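Order as written gives the chain letters A, B, C and D; numbering starts at 1 within each chain.
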Amino acid sequence: MLIDNQEKTDLLKLFCEVRRETEDFTRLLKIEDYIPQPVIFASPAKWHLAHTTWFFENFILKTFYSGYKEFDEDFAFLFNSYYKQAGKMLFRADRGNMTRPSVDEVYAYRAYVDRHIEELLKESFLPDLEELIVLGLNHEQQHQELLKTDVKYLLGHNPIFPSILEDNLVQSNGELPSWKSINEGVYEIGYAQNVESNSDFCFDNEQGRHKVYIHDFEIRNELVTNAEYIEFMEDGGYERPELWLDEGWTWCEENSIKSPLYWHKKKDSWWHFTFSGFCQLPLNEILCHVSYYEAEAFARWKGYRLPTEFEWEVAADSISWGKRWEWTNSAYLPYPKYKIAEGAIGEYNGKFMINQMTLRGASCATSKNHSRKTYRNFFHPHYQWQFSGIRLVK
Amino acid sequence: MLIDNQEKTDLLKLFCEVRRETEDFTRLLKIEDYIPQPVIFASPAKWHLAHTTWFFENFILKTFYSGYKEFDEDFAFLFNSYYKQAGKMLFRADRGNMTRPSVDEVYAYRAYVDRHIEELLKESFLPDLEELIVLGLNHEQQHQELLKTDVKYLLGHNPIFPSILEDNLVQSNGELPSWKSINEGVYEIGYAQNVESNSDFCFDNEQGRHKVYIHDFEIRNELVTNAEYIEFMEDGGYERPELWLDEGWTWCEENSIKSPLYWHKKKDSWWHFTFSGFCQLPLNEILCHVSYYEAEAFARWKGYRLPTEFEWEVAADSISWGKRWEWTNSAYLPYPKYKIAEGAIGEYNGKFMINQMTLRGASCATSKNHSRKTYRNFFHPHYQWQFSGIRLVK
Amino acid sequence: MLIDNQEKTDLLKLFCEVRRETEDFTRLLKIEDYIPQPVIFASPAKWHLAHTTWFFENFILKTFYSGYKEFDEDFAFLFNSYYKQAGKMLFRADRGNMTRPSVDEVYAYRAYVDRHIEELLKESFLPDLEELIVLGLNHEQQHQELLKTDVKYLLGHNPIFPSILEDNLVQSNGELPSWKSINEGVYEIGYAQNVESNSDFCFDNEQGRHKVYIHDFEIRNELVTNAEYIEFMEDGGYERPELWLDEGWTWCEENSIKSPLYWHKKKDSWWHFTFSGFCQLPLNEILCHVSYYEAEAFARWKGYRLPTEFEWEVAADSISWGKRWEWTNSAYLPYPKYKIAEGAIGEYNGKFMINQMTLRGASCATSKNHSRKTYRNFFHPHYQWQFSGIRLVK
Amino acid sequence: MLIDNQEKTDLLKLFCEVRRETEDFTRLLKIEDYIPQPVIFASPAKWHLAHTTWFFENFILKTFYSGYKEFDEDFAFLFNSYYKQAGKMLFRADRGNMTRPSVDEVYAYRAYVDRHIEELLKESFLPDLEELIVLGLNHEQQHQELLKTDVKYLLGHNPIFPSILEDNLVQSNGELPSWKSINEGVYEIGYAQNVESNSDFCFDNEQGRHKVYIHDFEIRNELVTNAEYIEFMEDGGYERPELWLDEGWTWCEENSIKSPLYWHKKKDSWWHFTFSGFCQLPLNEILCHVSYYEAEAFARWKGYRLPTEFEWEVAADSISWGKRWEWTNSAYLPYPKYKIAEGAIGEYNGKFMINQMTLRGASCATSKNHSRKTYRNFFHPHYQWQFSGIRLVK
């Protein structure tokens, strides 16, 4: 059952494309920008470049490329993220202090691993290798998104607000919000190969298609805009504890949260940081950079609620989505038939299923082929640094 | 629609019983034991005595007892727990430093409020008052349980392990574990007055009866015993990261967790602290004082999993339960039709619906009438100080 | 060289007096007040009672009383403060959670140890035992002072400000401040038995009489009053970083320090907490409860400075002192000929000679026989909870 | 009283030299190495380059250069270190996250300010300007030393131990230690222009020459070597609390300190990190990278003590020094006649005179003209990252 030639050609092409996309973004940076880790949940750009490469070297080349010689034996330690079964790793908070290997050396590492993967893909091989290559590419695409949000965090906390590219804002269409009704009943949830036209890959956490019972609900077609959120703020949204979850209120108080991330008030009007620098906040743009706590408080204030991830998935074909991640009111937990893979790869998703909330949809930073209705993104409820917005349900 | 005489008599009787039960336990303590708050999530016994009384004074007497004179106007500040809409409150971490009012004064406060409630219940009144009294009593019963677990925490961290009463251990019946099968289908979840024979009260978080779809599963009739857990420990349970959620592993490392709470190894055998002091661990006793992290790791090691709270509720009539709280694999989140009450009372449950896991069942410290299959208990996944054990599902 | 009878009688009398003085104060408390440790640098009253007793049991009875049977073998662990060479000890922050042994048991412990010491003092003995008894009594007197300041801290942080006794305020005499001149030259510093009339005991840190060179200076006879300090506050004392040591300014900012400890502004006038409860601040009273940082900033604002501990000692016979501890501008460091005693007793003073500032004088809480001009008190520069005031030098 | 031409030429030459010396070191680094701040007490290389330049721009060009136009108006905020009277400043812990301005821009800033200073020095001017230039240069030389120790800290915590230059070790001469005796008496302490041949500059904290009384002492001519320190370690130095100050012992325990900084044990022999990378520890080299706590414990173990800073200054002409900073047993406090300058410059030294210990001598990283016997260096007692060693006294 060897992989046929057409499939090999396609895979090689995909490999080259995805790897190049990562560098297309990092080439916008100065060497200085590759280094810091401004906060423990973010990682340096250099680290993202190296870690995604380590994934291919560690899980593929070391196993499948006979006689493979590691680029540098220290890298296994330096660029492992959290795979405990793959050996020891650098303490996470130290990522920003590793000035060496240099940026040039990391690009050389990428080129070295790419060359070997390309050679490997020219040989005959079985589906298990293809599967790992595809996983490695999807892994890299997830890091492309984190890379962008991490760089935005770094530059957005620099008092001189550097600009690195022309940022495309996401305008709402300006129409009045409309609501879609979904009927009560039993629905199927989770990835199913035949119904998902645009992707024949999914992560383990989407698998195990199963039934859920959904009650009648109405879901808003349009995401919440900046203008709507400003109404909430002007109505004392951040000063009224009764609107907030208890931990959300504490989070606001302890961190002096008074607005979405990157927003600054300047002489009575709101400005925000984008990749194009510091600019006035477009009121009709879709809101983003809010935490789950803010999303939940906003919905409560508005008299509505957030959808569960199951409601969202059932409604996905009826609503507009794909420009901003959307907080759901579901905790990130395993599906009934969830199976953890053997070995270090099994640490990919399963071990994070606690204290996080699921997000559905996709954002401007998401790879196109990750934009599928069964994709389960997840973050702790206090994080604002993703492009996360609000969908309402009643 | 005034409350009739029989109902009034019953309510008064219930009120006296519940209030006395609290003091039956606290009278076992020395004055010294009423004071400290050894850890922020626990509260002093004196505080529990006063806070449950404050609930009646603040939410009932101030509203319904015409001309009521507060026992002491400082108490509104000192003994409010977390009701932001009921005014300012003492910083939580300071509860253990309030040596005054003295224990005697707090008992006098209880007697004063009790006398006024009793007078009130002799008058004519409407169901809204009855409802609040019943809520206040259920509130007090929840605090009776916390009181016991908090006192156990205090004494169990004293190196001389004081004994205060004869503790009744919960023996497993010694039979081999048996499994019950539950069939796939749509089930109803949540409190329904007519089907719950032993209680006509429920908390707001149990309401909103609704449908869920359950897949086939088998659930073990017996809870996990100490002996079974020791097998896990002896098989390296606390040294194998692949068995743990990532945050669970970190929690073990940062807190040097190597066993359930109150367990100590003494010359090759396990001992534990109970209300009767320090004694050898009975191997056939039902395990308790484990965190969600430990419960989840144990289940994974055993090749099984924890039930969801919905599976648990559906299976409840088929299995033995009621002696130990059981961690479920469900996050504590609102039911689809959940409504938050108006005013400060609305802060009772709803604002805690984040980052906590649901427990089902009941423990040796639970009031009998809280022992119902729809009751939703909830704690953060790292807490061990409740009487929390493990139920397995496959 | 046995101790003669008169000396024995005197020693026994002194022993009984000092031990009784401790209890004279603690008998003012309710049981509840004996328990908490509101902050890590303070200790519970019960702990002080027991620890001072442990000192006699551990360093004297166990060595000198043949066949002595410990009152309770756990107490060596529970009530050792910081003598590492005397064995393991309870973690300091846990002192407030030890509700057992109860207060009654601790009084019984005191009585038991007292009886044994008294028996011992009726026998024949050598000066080494007398020396340790005297050290134990001076140790107890130091704890009497800490006991008072720790109880004041506990009650002064209770929002209802309990009163336990009639507090005697320390009035300044209302006269204009006068200055004494001291001439440049070589002076002798440190304890000398013959020149100290009121005490034939001193601590090891006062010993090693030696020469210092002092330059001309003038020292103010009167300590700073509350009224003077309010001037400083009203002149923006707490808002002007240029008046402060860098760590002092940070300390103010991080702890929101805006006044001396226990001061509260109530409708434009200043109130403070005393052992007699909450009362209006007497403007002519001598200021106390300021940190070194505040003392230093005040002096700078006033255009003066604090004395060194050597200047203070040289001037001591020319100025009024004894009612409030006075911060000096000297770090607490060993005298040139300082010798640390062998064994656990050597840990008494020497190991604290870093990061602390010396205070000279005495306060209302100090034992009379500790009120000598060579006595070196010492605390970290941010502590306000001692009765510490300000002396000026120019 | 204008500065004459020869003096102007000399000053200009000195200015160019000192400024170039800074860059001679930083040019050894890769761009990546300029960025991180691995620990709050260290600063990024880029920051040192910019801050020393800011000093000239802010305190000199803005005042003396008529019509001066700031290079970039954001830099006043970004590169102020701690001068509160010079305006707001970046939060210290954020220095490592400022990737922009880039390294190139900072070099351009240096060139811009240098050009303006050079122009200024070609004009006629008064001694006050010269004084500030000299202060700015001495300030820059202090930062040259910090720059080296901060870079060493950064690279020495990188697991791959990068090498940037040929490091010159400081060998002891291998002879047996010899002791010099100093006689009791009154000595003069502090900077005096005529007696200091190699420098006509000193910092404010050295000024106010005054008398001290010194008792007889003997001081060792040679500093302690690595071999001697290893003896201490092998004798259980880090496991015996009786050798340590209490805070020193806690510091060891909390930070798992088991050796000087940069030492690592590898198969029974000691290695350390230097600017030339990771190499075996030369046993006869002079010990460095110890904290005051370690220095004090070592001296106690050896049966000696550390010198006071006054003893050191009196003995300085009789002993070999200049290769390693030496911890003294004196707290960093003002001399009797110490005067703080007016304005922001007054914040240079005075506000740090608390909780720090004085070091005397000089190290391999010290500018030659800072190597004078009255120079007072100072650090907190737990810092190891300076080139700090041990001198013994008996």
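Please note the rule applied: a residue touches a chain if its C-beta (ideal position, glycine included) is under 8 Å from a C-beta of that chain, and two chains touch if they have at least 3 such contacts.
Just so you know, these numbers come straight off a predicted model, no measurement behind them.
Fewest steps needed to get from subunit B to subunit D, stepping only to touching chains, is 2. Chain centres here are means of the Cα atoms, and by that rule the chain farthest away from subunit C is A. Spacing of subunit A relative to subunit C, judged by their CA centroids, is 58 angstrom. Measuring from the averaged C-alpha position of subunit B to that of subunit C gives a distance of 46 Å.
Averaged Cα coordinates give subunit A a centre that lies 37 Å from the centre of subunit B. Not a single residue in subunit C touches at least two other chains. Two chains count as a pair here when they touch; such pairs are A-B, A-D, B-C, C-D. Considering their complex, residues 30-36, 38, 46, 74, 77-78, 90, 94, 96-103, 154-155, 157-160, 162 of subunit B touch subunit C. For subunit D in complex with subunit C, the residues that touch the partner chain are 82, 84-85, 186, 210-213, 215, 217, 241-242, 244-249, 292-293, 305, 329-331, 333-334, 336-337, 346-347, 351-355, 381.
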